[in-house]
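Across the two complexes that follow, chain A remains constant while its partner is chain B and subsequently chain C.
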Partner chain A sequence: MRQRIFVDGIAFWSPQLPSWEHARAACNGDYRPPTTAAARPTPTLLAPTERRRAPDSVAVALEVAARACEQAELDPATLCSVFASTHGDLAVTDSVCETLAKTPLLTSPTKFHNSVHNAAAGYWTIGVQCLRPYTAVSAWHYTFAAALLEAATQAVVQQEPILYVAYDIAARGPLGTMAQSAGLLGTALVLAPGPSNTTIAQLDWFTRHNAALTATASDSPLTPILAGNAMHGCLPLLEALAAGSHRNLSLAVSAQLELALELRPHNGENTQTP
Partner chain B sequence: MPATQTQTEQELAALIVQALNLETVAPGDIDPEQPLFGEGLGLDSIDALELALEISKRYGFQMRSDDENNRQIFASLRALASHIAAHRAQ
Partner chain C sequence: MTPLAVTAWTATSAAGAGRSELLAALRERRSGLSINDFGATPLPTWIGRVAGVETQTLPEALLPWDCRNNRLAWLGLQADGFLQRAAAARERYGADRIALVVGTSTSSIGASEEAYARLDANGHFPADLQRPVVHTQHSLGDFLQHALGLSGYALTVATACSSSAKVFAQAERLIAAGIADAAIVGGVDSLCGSVLFGFNSLELISADPCRPFDAARRGINIGEAAGFALLEKSGSGPWLLGYGESSDAHHMSSPHPDGLGARLAIEAALERAELPAAAVDYINLHGTASQKNDEIEARVVADIFEPAVHASSTKGWTGHTLGAAGILEAVITLLAVESGVLPGTLNSQALDANCGPQIRLENAARPIEVALSHSFGFGGSNCVLAFGNSRPH
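Then we have the complex of A and B:
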């Protein structure tokens, strides 16, 4: 069954492209990313104690979550959310694993606390004082599409806007040989069941079984910069949103389940495209 | 005017800043006689656990979470440095 949602807010952060404006311009060939890069964003919405304990995964997730809500002109405390990460925080996981292997009695309570997959969602809800439900999703190489499907479904079923945040960081240590990822990448969308004055795109979507599924490939100048990050599955949709033109996309939710998207640009008026 | 840090206190202050990722504090800014917890540096009970772990790693002796003297041991940089000096194995 075909469903319709609207993209009311969008945000992006990577060390070379520290905003959606940078990413959009780079996608369209209007901006050449610098070779120097920021280390990580500062999660200013956290209290000082939480801020100094927040690992990179949390810093990047909170940055894009806050910017997407700002763009959608919505109070973050009112939004349900979906947080997606392929691997969680691999730097923290590596550190905890190393400690457990060598000196298990010296496990850091902060690192243990940060090692859970839903750490970013927890920091977010504390930081913005949000009591609404959140969902944390991991689905290996299918994480971006699977969590997008979850967020889109919630927007349609609950008939209210939802915040969708997707991020991954660089792999470290022995786990990096199996769970590969390079660099820092975060993106966030606010998805709504109806259009608003901040809507930038209309997204019609449905799922179907597809034994010969070929997902849409990333083909913009972002590809060589970000393809090594485990969340690179977000790139085809971001490229389509950056282009601002009518496009059909195919994302893989599993080896044989397709999330088909038809994207149309929207001018932010409260009128639906027929 | 804060009291001057001894060499051991300087080393411990650097460890505190690094282990707890204190963004806006330089090791030399920590007054050795002022409280570490609550007001001032704004440290809390999780920081006490982190600090105990780092001290165990660096100085080779175990600090216990159920030590009845913990309030006194962690009272200030000076008190903590003095406890380390009395118990350090390395």
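Then we have the complex of A and C:
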């Protein structure tokens, strides 16, 4: 079954490319390093006392979620959301595992509640006072596309816009040899069932079984900078959105399930027709 | 929503492997809780430990996924012939047309914890645990996809204690959008240091068997469980009639003081099921025996439901099985719908003053039509499921 959704907002953050504008320019061959490189964004949605000790995963997820909603000109409190991370907060997990191995009774309550996979989603809904449901998911190597499909499904079935946030952080400690991920990367999309005056792209999509699935490779200037992050599966779609031209993409949702996407740029003006 | 038939369903917990053991434990009010003997330095508490997880072996082809959580998942698949029912569905629909959506809180983090306790001289994981798949959140979903021979959509949902309730909602949407023709949903969470010492650090662990809704309750007991359900567009039922999801937007580890998110989730479930609150016969409450949850949930239930509804927490049988609580308690709710056995609340003596007449200590037995299951989690994630004995017209 062929479905259609619209991209109404987009955001990106990595230390080298701390906004969608930076990422889009870099995709198009114009990489301008930020003048002041921050290690992570400041999670301004949190209370000042919580900002410093918020995990990296929360900081980056809240940043891109807020920017995508701004671009879509939608009140974040009105949106259902899907939060995706391959490994969750690897630094918190490393710390909790280390404490458990040595001094389990000293497990930190803050680290424990920050270790849950839905920590970023929880902080987001608290920060923007959103009572709408969120989900927090993972599909290992297929996380970006599998969670994108859940977000697209919600937009179509519920006939309302949805916020999709995907992120992974740098691995730390012994766990990093197994759950590999480098750097900090967050991206967010607002997906809607119909076009609006902020629409930047139309996505026609369907899923199909494909035993010889070859996902669209990422070959933009972003690839060498970001391919070490576990969420690098977002790059082909981001490159296509940055290019702003008609493209067909194939994303792997699972080893043998393909998400076929046909992307058409949209300038947000079609809604003006009488 | 268009109701979905629950055509196969099972759960394995401290209260027994499979539906008949669970139903017998519920009927005879036999708790599965035992004194905590998990790990090298057990905390003084009670746990809901599943018998036989340690001695369970995986088939050779599934050994790369070997860990406590996936052993428990495998044990759970054997009960009630679920593996065979899933295989039959795979033949019927095709391996790519059945969505697999499973919930967990900590997945196989127990394997990562064990590796940290056994690091070699160079600080590396021991050789037997150098298996990346068991050190990531999707370990559970990936294991089950291989164990069930499925090739379609596969996702692990991890929204803490609402995880394996929300899988029913996602499955319904995937089927409605035509991405799958049927779905296998479920959840598995197993005992591990993170949850025992983590909840202990939050001062939420009870030294005694948990007493949900008791005025003198002292906290939760951690349990482990595996459960699964097959959802199809047609069948003989029972039926998934509706679901409701919401966020508290209040606090990471404490529920909204007025139960706002819980109320929204209940209302949304009833709306999707097109039923008034008065139609509900039985509610399996979240009822963790924590101070806050039970106080707030009791008030919400007293406000929304008729005095005649039979509402109870079954945590006294199984402990709080966290990411598996949604599916385990969905199965208990389905058992109530099917058998008319309405569990009371185990271990509790004197109900908290916030409890209305809905919350019951004693079991009851009568045919029922509509039942809800509540799941409320860390991060303010709420999900309520509505099940029915027959398909509404």
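The rule is short, and it goes like this: the second predicted complex is superposed on the first by the 259 of 274 C-alpha atoms of A that agree within 3 Å, B and C clash if a C-alpha of one lies under 4 Å from a C-alpha of the other, contacts with A are read in each partner's own complex, and residues count from 1 in each chain.
The definition used in the following text is that a contact is a pair of C-beta atoms (placed from the backbone, for glycine too) under 8 Å apart; a residue touches a chain by one contact, two chains touch by 3 or more.
This is a predicted model, so every value here is computed, not measured.
Using the contact criterion defined above for the overlaid structures, shared-chain residue A:51 touches chain B, although it does not reach chain C. Touched residues of chain A, counted separately for chain B and chain C, are more numerous for C. Contacts of A:108 after superposition: both chain B and chain C are touched. After overlaying the two complexes on the shared chain, residue contacts for A:143 are found with chain C alone; chain B is out of touch. Shared-chain residue A:254: touches chain C; no touch with chain B.
Contacts of A:28 after superposition on the shared chain: neither chain B nor chain C is touched. Of the two partner chains placed around the shared chain by superposition, neither chain B nor chain C is touched by A:223. When the two structures are aligned on the shared chain, A:19 is found in touch with neither chain B nor chain C.
In the superposition on chain A, chain A positions 107-109 are in contact with chain B in one complex as well as with chain C in the other.
Interface residues of chain B, counted against chain A in their complex, comprise 20-24, 42, 44, 46, 49-50, 53, 56-57.
Interface of chain A with chain B (complex): residues 48-49, 51-53, 103, 106-110. Within the complex, the chain A residues that touch chain C are 1, 3, 85-88, 93, 96-98, 100-101, 104-105, 107-109, 112-119, 121-123, 125-126, 128-140, 142-143, 146-147, 149-150, 153-154, 156-158, 174-175, 177-180, 207, 209, 211, 253-257.
The part of chain C that touches chain A in the complex is made up of residues 39, 41, 94, 96, 105, 109, 112-113, 115-117, 119, 123-125, 130-133, 135-138, 141-142, 145, 151-160, 166, 170, 173-174, 176-179, 193-194, 197-202, 245-253, 260-261, 264, 377-383.
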